[in-house]
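Below are two complexes that have subunit A in common, paired first with subunit B and then with subunit C.
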Partner chain A sequence: MSASGLAGQAQAGRESVGVLRRRNSRPPLSGGRRTLVTALIFLAPALFLLGVLIGYPVVYSLWRSLFDASGNVFVGAGNYLTMFTDPATFLSIRNNVIWVIVAPITCTILGLIFAVLMNRIKWATAFKLIVFMPMAISMVASGVIFRTLFQENPDLGAVNASLVSIHGWFSGGAAYPGARPRENLDITLQKDGSILTDSAVRAGSEQDFPLVGILGTTLPDNAKTAVAAKSAAGGEITGTVWLDFVTGGGGAPGQLGDHKKGLPGVTVDAVDSSGAVVASGTTADDGSYAIGGLKSGSYKIGLPASNFTQGYAGVSWLGPTLVTAVIILAYIWIWAGFAMVMIASGLSAMDISLQEAARVDGASEWQVFRRITAPLLSPVLIVVFITLIINVLKIFDLVYVIPPGSSLPAASVIAVQLWTVSFGGGNDQGLGSALAILLLVLVLPFMIINVRRFRMDRER
Partner chain B sequence: MRSQLHRRVFVPLAAVGAIAMALAACSGGGTTSPSGSASQNLKGTTLNVAADWSGAEQANFEKVLAQFSTETGAKVNYTSYGSNVATTLNTKIAGGDPPDVAVIPQPGLLQSLAKAGSLIPVSAATEAAVMKNFSPDWVTLGSVDNKLYGVWFKGSNKSTVWYNTAVYTNAGATVPKTWDDFLAQLKKVSDSGVPGLSIGADVGWPLTDWFENVYIRSAGAEKYDQLTQHKIPWTDPSVIDALTTLSKLWGDSTLIESGGAQRTFGDSVTEVFGTPPKAGTVYEGDFVAGNITSQTKSKIGTDAKFYDFPSVNGSGPAVVGGGNAAIQLKDNKGAAALMTYLASPEAATIWVKLGGFTSPNKAVDMSAYPDPTSRQIAQALVGAKTFRFDMSDQAPSAFGGTPGSGEWKILLDFYNNPSDIQGTAQALEAAAAADYK
Partner chain C sequence: MTAPAGIVKARRSVAGRILDFFGRGVVNVVLIIVAVFWLVPTIGLFLSSLRNSTDNSQTGWWTVFTRPAQLTIENYANLLGNAQFMGSFVNTIAITLPATVLVVVIGSLAGYAFAWIRFPGRDWLLIVVIVLLAVPLQVSLIPIARLYGSIGLFGSILGVILFHTAYGLPFAIFLLRNFFTQIPGEMLEAARIDGASEWRIFARIILPLGLPAIASLSIFQFLWTWNDMLVALIFTNATSQPVTVAIQSQLRQFGANIDILSSGAFLSMIVPLIVFFAFQRFFVSALLAGSTK
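For the complex of A and B:
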């Protein structure tokens, strides 16, 4: 509504009051009542919009929360009871608590650090721009960015890709990741990833290891066709480690031949009854090995896990345990800029003569910050902090976008739960309304604090 | 085409009215005018037809309707109701202005409309055509209280297992017929160095399709219907059986590519048919063909083929799937004639030839399908001894259609921990008890 429109209405209001007074020849309206009427007329459009857009939905939600999913059966406080007993909803309330504790304080502190430091660096504007930029990206887009960054598969997620490559510099990968023994041959893949014979082998005999589960094309170039190892001498155990797979299937499983390739460079251990490694050998290009210098007796023969470990696969960022941390990180990335800009404006509005006076009196920079800057900034800090709390309580988009389906329940917050039970398939708008009321009740105290502060500021 | 978004049913109450009004304002999509030589006995009649098809599917369906116009002289107006057919149709009926004929994707909607008296039972001629051209399961799906209301014009097959032919050839794996052989072939593929199977658990819906396919085979159609209506509990021994069968596969880390719980369904298709392939097999419905074409360079029919979901304990050929049924909402000669026409093989053949369409009509000539793969899909659908509609699609959406709750979440938990068969059955029963009211 334009200003002239408002004025026109007010004019009309006054005239009608005048007409009323003349016709009824009542005593003139007292000054107080007249201002009230004028005020009401001025407020009417705003009140009408507030009523339609806020008042009615709130009251209707409250009313609706007392009914079941169909909307026909009155259930009283039933939905509120469900809310706190249903594990999924309870988890989302717990997550909201974590959010409120972690996100606003981190954002405010980071914003404060950025804002204070910015007073001291060149290129402050460029820096400010970079930190503030995420605010310009829509929440959903930021969510997609973070989801992609933190994908578990190192081929897709940049974070895991860098973790894996850093890890790769320090420890070389195993030669045959994922290999496992052919079944039913008395050789078993152990829980720790090593491969071990089920029964002990006497010194002076042979033990072969037909392995499967590795792509023939990934074998080292020096791999030759596997051959049977020479028969073992007295204090010796010999055998062959080979890839027991023929392209296109076929061949005799567990048997040499058909040009199956040996696996060069595999460590083979002889393990005594106590589990200690007594001797070891390494396979040649044709996959054959020989472990010598054994006392007569029986040994289990094993291929240690170092031959086969899958290698470091990165962290499951978006798994149920870490997903909330990742989402909060995304939130901080976006909102630290907001905190910074607000606090920076508070700083620039500050009278710097106090700080200068303190410095002249010999205060250290920390003392200046601690005793002068921070207290003067506290009104701005509190506004930023409380705004962020309200914002965090209502968080939806990031939590909806970032987690993959399997960890969505673990990451859920009240607003997401509210959407899911009412529209996301649950179709229970009774429970949804109850959740909405809970959210309102949680946000209200902070709203009141904020409004109070504004009022106090004005009175001061 | 079934994707994650299609499964999420959202019905914002306040928006319903607005949408209905908007749709009413812009109804009357395509118009087909009469022209031709045939009997023209319906000249001067105008019929309104509605369905959820839009875009290319709408264009193809309009070609089917155009042929009807040519033959009868009736004018047919098509309106697309978009994905919210149930809401729109109910609003139209309440407003006293239903279309003459609608094509709907949910058997539940057909039932509720028939019970509410909004539907006209099909004419004798249509019934004769349906009896002749469709298998009994489709007749049952279109009937309420022994009266036939629906003609299933389109069908979909969700019992297809897609594999990368190069990976299978390299591993020497063959097409399995039974569940045990299925596991053995997956093992062969894994032995070759590529995991046998890629699963994209996504938000959980692919897992419900796994369960339904195993269940209809291990427990039979009768139990399947009872479980669909929650007349037997999810703790029934037949459910335990099916979960045990599934756990044999899901619990074997040598057969399945790791990371399935966090993989989207689309990614699981790329894993199998991308370059280089990261797995050999992926299971889902006939719509996988669309994923393969749009996401990878693999060619359907040469690089990518499918086989029927393997039989469990000697079960006969069964198909879990979906479909679109034509229903008649107004009692007039034109609408009845259109229903008879839609039940005929001629009507279905028009769309079959255009591609991307499977007809449950067994009188449709298989040679009309444009390529061997779509023909194979249709043969499996028509030749199935048993056809059942997707169970989770018929369940209350809180149970069978909500991310993070109900069947989707519980089967995801089961996928992560396949040894917990009893706990899974109990959790499913608890959720079903709460959501089936």
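For the complex of A and C:
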């Protein structure tokens, strides 16, 4: 890619410059030796730094990668074999492959969608700045942001807080962890966590469940003052499930009244003598329930354990299984803006007369996009895609910062593994050098693409 | 035969207009949702930084909307009084400014040589520079750690500056060389006929005319160096570490120190954000000019 987009003012005079230069094909400076000396003076600082800090390290790493951790024993390709046999290192290579497959394509597609849609809104500049802004922030700061967002505790992490409240809307939010029956009332907390009557209850009678052990403040908002259930008909068992506790004390244990609250949404089962659930009901907002359709006989009445398990508490985002997904999400948050800006400038540099002609001829917007805009845009898309791949191959900061210590090994990528084995305690600079060379080999194809693109640019 | 076609066309345009209206509404809604998703993380960090550690360890930042009284600038006051953190801030500046200036100066010199001095092997050397554009800086970590160790640069700010300068140079040379070649050759030729030295041409013609490219490069290099963590993580120590490394080391006790982390992270973002919003155009130009780094 040339500096074409860059030079607002220089661009105007560009063609004439080209003509001029072709005419002035003789060397600008005469005198071969003097030219070389002048050039060397101008180039010396750059060549020195590039040679010492990039050139020499490449050669040294190649050589060092052939020796073991101590640096004294020649191991040949040993370190390169270890890379693929050591589970931790191989995992980091595998993760890097996932990164390269997922992140660049997602960023490019999102960038393309944003860039195309952005043309249709009046606040395009604001939108562009908002999505592009994360590019200015360090990956460390972005890491802090995402680590905070995806904390597991739904009271602290915004993502889990949203999930829990959305889940609450759909499930009715009936969960009463820690509830147990009032003692000496013929109902008992079972080992499996359910609550069951000790003796069987005849169809056509009532069975109440006064429960304690939960805080009045944790009841769902729809809980109403508990009332006695209507008396049961023939094939029916009715009753009320309530919180048998009055805030501030008072009230008769096991008795309704004193504004005790009913527990809504509790499942109540009728269990026959073989232990099978034959029918069930759910409590209303005032805590009353009714189980109908029972054959005459006796049943044990129970509240299954599902009523009392811990409620939904969100997803363990930063645990070993999902942490890579979260880090990739953070990466997309940062780099989608880059793709968008690049693609948008490609779009704006485009001659739109073709698209307009196609529209006049009755082509749909989708056809215009697929047949004209996308093909014209493909050079920009390729540049964005390649840039992102090179970038993703050497990703370090985000992966180092976001996972808690316990899930860092599961999230590791090549660059992080390089750091771990050579600086972060591993102390094996042989393997570290081999990983550095692996990174170099992986970007090699893109170096070749860069050189070819540069040569093509010049021949034009 | 033309009449039906006309009707079809008219119908399409009415339908098109209706679609367009709804389309515009849908596009607006979708992009508003996207914008909210992109803004919320940063806003969350900012609000966290305005709550004390007790609040941050018990409730989420969104509770400030129902309980605005918890907002406080306590964290920032604490941070400004924290000598180590402020020291790391000074280190960031002491690393970023020289690294940016050095890249611009050395890069312009080399860029000029590549653009306007014909010397043997120039094209090959330029291809070497383009190859170096994509070299992952991880390759240099182990060898340079050894080298710095043996010459006493390990742990020093100078070592980090030189490292960033070297890795900024391929991009700088590439960008500036491309820009400098677009400067009209007749201006240089005229100056040479008048007997101006190469230095004079460089200082009086190339630098002033190359200013837009130099600005783009400066912004890019500034943000790049300011935001770096990896290089500083390896080559600095407790007294020379920049703010990114200081924040990173706080992350080990994540949970107990969200107040320090959020305010520190936000403070470290302010300078780059100002630079970004003020010089956004130049930053974009730099990205467009050499999106290979």
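The rule is simple: the second predicted complex is superposed on the first by the 269 of 460 C-alpha atoms of A that agree within 3 Å, B and C clash if a C-alpha of one lies under 4 Å from a C-alpha of the other, contacts with A are read in each partner's own complex, and residues count from 1 in each chain.
Everything that follows uses one rule, which is that contacts are C-beta pairs under 8 Å (C-beta built on N, C-alpha and C of every residue); 3 or more make two chains touch, one makes a residue touch a chain.
Worth saying up front: this structure is predicted, and the values here are computed from it rather than measured.
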| item | value |
| --- | --- |
| Which superposed partner A:316 touches (first subunit B, second subunit C, both, neither) | first |
| First, second, both or neither for A:166, with subunit B first and subunit C second | neither |
| Partner chain(s) touched by A:437 [first = subunit B, second = subunit C, both, neither] | second |
| Subunit B versus subunit C as contact partner of A:412, first or second or both or neither | first |
| Subunit B versus subunit C as contact partner of A:456, first or second or both or neither | neither |
| When both partners are placed on the shared chain, which of subunit B and subunit C touches more of subunit A | C |
| First, second, both or neither for A:423, with subunit B first and subunit C second | both |
| Subunit B versus subunit C as contact partner of A:245, first or second or both or neither | first |
| Subunit B versus subunit C as contact partner of A:215, first or second or both or neither | first |
| Partner chain(s) touched by A:61 [first = subunit B, second = subunit C, both, neither] | second |
| Residues of subunit A contacting subunit B in one complex and subunit C in the other | 404-405, 423, 429 |
| Subunit A contact footprint on subunit C (complex, rising order) | 9, 12, 23-24, 27-28, 30-31, 34-35, 38-42, 44-45, 48, 56-62, 106-107, 109-110, 112-113, 116-120, 122, 125, 127, 129-147, 162-163, 165-167, 169-170, 173, 175, 178-179, 181-186, 188-189, 192, 198, 202, 209, 212-213, 216, 223, 226-230, 233-234, 244, 247-248, 251-252, 254-255, 258, 261-262, 265-266, 268-269, 272-273, 275-277, 280, 283-285, 287-293 |
| Complex interface listing, subunit A residues touching subunit C | 1-3, 5-11, 13-14, 16-17, 20-21, 24, 27-29, 32, 35-36, 38-40, 42-43, 45-47, 49-50, 52-54, 56-58, 60-61, 64, 114, 117-118, 120-121, 126-127, 129-149, 151, 155-158, 161, 333, 337-338, 341-342, 345, 362, 383-384, 386-387, 390, 393-394, 396-397, 400-401, 404-405, 415, 418-419, 422-423, 429, 432-433, 435-437, 439-440, 443, 446-447, 450-451, 454 |
| Touching residues (chain side subunit A, partner subunit B) in the complex | 69, 88, 152-153, 178, 180, 182, 212-216, 218, 244-250, 316, 318-319, 404-409, 412, 420-421, 423-429 |
| Subunit A-facing residues of subunit B, complex | 4, 7-13, 169-173, 188, 190-194, 201-204, 254, 259, 261-264, 396-398, 401-406, 408-409, 412, 416, 437 |
